[in-house]
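In what follows, structures are represented as structure tokens.
What follows is subunit A paired twice: with subunit B in the first complex and subunit C in the second.
Right, the complex of A and B next:
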């Protein structure tokens, strides 16, 4: 769905993105993570066809996005700071969208009004911040995009609205294979809906992973042995981290669950727990491996 | 649905209307107030004759209002319509929509033009309907209406497209507005400032000659401000439309390449920033030089003006571009600028191109104009005033070159201010078709006189400075001598043979004038009007040097009718002209004092009247006397100035 290849972007002389490549499959939800100023918004705006890259190519559905209305008809970009025309009501804004997005679904618009329970004749700028966010998603989803680009969509929202919006997104992804790309500076905010994440730092990707792979690929193991731990064990597993708390040894290891199971049980530990890691922990250990101070990036 | 296939996005139109429609409405209200309402008011007024204007030009009604709205409405509209480009969030939203930039811009331009055209068209329709109901032919006809409509539309759309163009290259709405006016004024302003500064830097630069080309026409704003002499020719229309089209095409190209992330930057294209910065600095440098040059009239003040102007301009441009007051780290650019501009000014004023000392060789020259009036030169080159419009004999050309040499030697850099000196123009037309035109102040007349004389006393000079010399006697229907400025004492010559004789006398008298009489003509009270068969007239003042004319008038018995004689004047009052309150006032006040000398004796009056002459210029008040002629039947005396040295001794003795 999205193919970003070797893209660089400078704002005047300041380099924002440096030789970035990114691939997102149809129907997946991609989490774009990174600290403030990492270049997330710039990358998203290039995918949305707003900015033009200095180098490389940005393709959506195998076509260049920039200045390509037929592709952009299927893309909706919701920025971190929402923009609505001043004095416009939801209804007026909806007819503006309708004029631009040929797949506009009026039925859905009417139905969603019942769920969201917002007055369509009220000026949008009079709504609270959370309501405005809902309006943005309402309008966006009724345009029936194939690609939804969200820049910090959950920033400053209360958990109820956050969940409401997440549900709306997941529903569309499941029902009609919508592709979603979400940026966030907070991993915990997106880990429950993303199936793919990339971490952007100072203009380059430092990590890109399928979350399912990640989660099944890395494990926390707690072990205790009668006497000393057999040293040979360390050579058999791919160890990322180890720690000793009294007699309990803590390992972070990479590998398939049953494989690790098989190796460790061979040495008959007295205590043996194989635990999943939170995404955050995974990143910290993964990146720690590569020598990055990832904690700072993930808040 | 039909809308899906239509090119026009009506929602963009709706949005533009909601956001900027008020400008169109306001414009309509202003126009309705300025034209249809105004005309209706005049028509229904009790005394409508008072209100007719000679000229049926619709711009004459509330011209200030019309001009202001014509230059404000389109700029305001352009700023509002492109507001979405200058606000980051708006820019991101609009450009995420599935529409090409060109198409989007075209939408806004079309909407804007509609918003500008509707008020103008509605006003015109309103006028046309009103004309159908109440006859308004005293105010305008359909040609006037068409002219008004055409000019208004062309100018507003030029202003609008210029605003759009500027909007596309800037990222701040205020800058967009201000820069639009700067760009519109730039051509005229730049030429104006260049003339002044070149005049200062280059001795001999013919500023006055270049002013004869209407500089104000280089900008629609300055052009319209002089609306009383404003004429919108077809050529201007073509140029305006051409510029509009070019600016439109440029707008599209610049918009396509615009980097949206640069919204809220003063200039979106970084390449334009140095041009802007140094352009502004250069213009303010010239402005500073102009201001202090005009007000202080000293060369070091011009240099101070350059320094102040450049510094102010540079700081302003830097502040605008960096959007901060704190710009103390950018002094390097100013340093480079100062070095650069100093070099340029030095190159110009050291005259490396040989401009100042250029006197064409005799064999290069076809003909020369020497004189004090650039308009005269321009007219002489434009059409045949007399048989000969230039000096073209070897003797006279050499005289002009010698004068030129002397003028170059006498003129210093301090003598640039036009208002302090009379100017002498020397314009060579070369054999290769080129022109060399120079202008010098006349600083020390006495030293210059030996050089001026051979030119001013030459027949050719007299030919082209006196249009009357070209008059053909058989085309003259009447020559009138008006003897005095207040009464109706006149002599009319109508007989063809007498007309020819009068013209011959005038011709001879003019050819006989000395250089001093040319530069300082002493004029008698009588004036001569030559009426041509096509009702054209030549007006000549009777100079004291017209001896042949005097004789002819005496011989033919017209003399006493052509001049004021002593018995027609009850008394003559003479007083020193040394007051600034105005001469009429001075004379009035002195009537009861000892300062004034009243002359009542016939013989003395005659003596004064025969010597009576006016001087025009360059006279020190200390050398002048005020002469009041008390003519019976006139409530106030006729007051004139006269050189003291021409007064009879008994008068000067009394006054001392």
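Right, the complex of A and C next:
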């Protein structure tokens, strides 16, 4: 669905993206993560066909997206800062969208009004921040896009609406294979709905992986032995990190659960816990491994 | 049960009791909940949960599993994750799928609870070790077992 190949982008002399590649399959929900200023928004705007890359190619549905209205008819981009025409009501804004998006679904628009319970004759700018965001999603989902690009989408939404919106997105992914890219610096926010994540840092990808693989490939182990820890243990597992807290030893180990389990139980520890890592922890250790300090990654 | 350490460098044990809020399994429509905040990958949770339902006969032989679409919507999780879990269950022989019709519970699939047994034994071992440490006697443990049996646990008929 999306093919970004060797793309670089500079704003004046400042290099924002360095030779990055990204591939997103149809029907996938891709989580784009990274610190502020990592280049997330720039990348999203290029995929939406708003910015032009300096080098490389950006293809959506195997066509160049920049200045290509027929491709853009199937793309909706919700930016982090929303924009609506001043004085426009929801109804007027909807008819404006209808002119641009040929797949506009009026039936769905009417149905969603019942769910969101917002007055379509009220000026959008008189709505609260969260309500404006709901309007943005409302319009976006009624345009029936093939590709939905969301930049920090859940800011300012209350938990109930957040869940409703996620649910609506998932419906579209399940029913008509809509593709979604979500950028966020809040790892918890994307952990439940993404199937693939990429972490962008200072204009390059540090990591790109299937989220479940990522989680099942790295584990936290807490151990304590009656006497000294057998030193050979260290050579048998792929260690990312170790720490000693009193007599309890903490390991971060890469590998499959049963394999680690097999090795460690051999040495008969008196205390033994094996836990998968949270997405947050994975970032911390994977980054540490790549030589990045955590302060730069997590906000 | 895990171990942690406080500021003074003393190790203390904390036994975490997982109270499942997901025990409300409504028979037939396949409704259950997952812990989205858990460390465990969602697809693994899904595989385990469905296995449990199949092993305990909540989902019976040849019963149709909820479609990927329905489940995705009910649980608000990614359809690809559910697809993956179904594929995994199929490889493990718990379910079979018919093209265009969906996934169904396989026949002889309710034998394998060795993993469960192993886990349970490990948990018990830890608890017993702890109990012995704080001064519970062996005889106490035996009488506890008898007590539990009387209450009708463990499937021992008491007549």
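Keep this in mind: the second predicted complex is superposed on the first by the 294 of 299 C-alpha atoms of A that agree within 3 Å, B and C clash if a C-alpha of one lies under 4 Å from a C-alpha of the other, contacts with A are read in each partner's own complex, and residues count from 1 in each chain.
Keep in mind that, in the parts below, a residue touches a chain if its C-beta (ideal position, glycine included) is under 8 Å from a C-beta of that chain, and two chains touch if they have at least 3 such contacts.
Source: prediction; values computed, not measured.
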item: Combined model on subunit A: subunit C and subunit B, fit or clash; value: fit
item: Which of subunit B and subunit C A:52 touches, first, second, both or neither; value: first
item: Which of subunit B and subunit C A:29 touches, first, second, both or neither; value: second
item: Touched partner set for A:278, first subunit B, second subunit C, both or neither; value: second
item: Smallest distance from any CA atom of subunit C to any CA atom of subunit B, in Å, after fitting; value: 26
item: Overlapping contact positions on subunit A, where the subunit C interface meets the subunit B interface; value: none
item: Contact set on subunit A toward subunit C in their complex; value: 27-29, 163, 166-167, 170-171, 173-175, 188, 191-195, 211-212, 215-216, 222, 224, 245-248, 271, 273, 275-278
item: Subunit B partner contacts - residues on subunit A that touch it in the complex; value: 11-12, 42, 45, 48-52, 67, 69-73, 75-77, 79, 81-83, 85, 87, 95-96, 98-102
item: Subunit B residues touching subunit A - in the complex, by the definition given at the top; value: 3-4, 9-12, 14-15, 18-19, 89-93, 95-101, 256, 259-261, 270
item: Subunit A contact footprint on subunit C (complex, rising order); value: 1-3, 5, 9-11, 36-37, 39-44, 68-69, 72-73, 76-81, 84
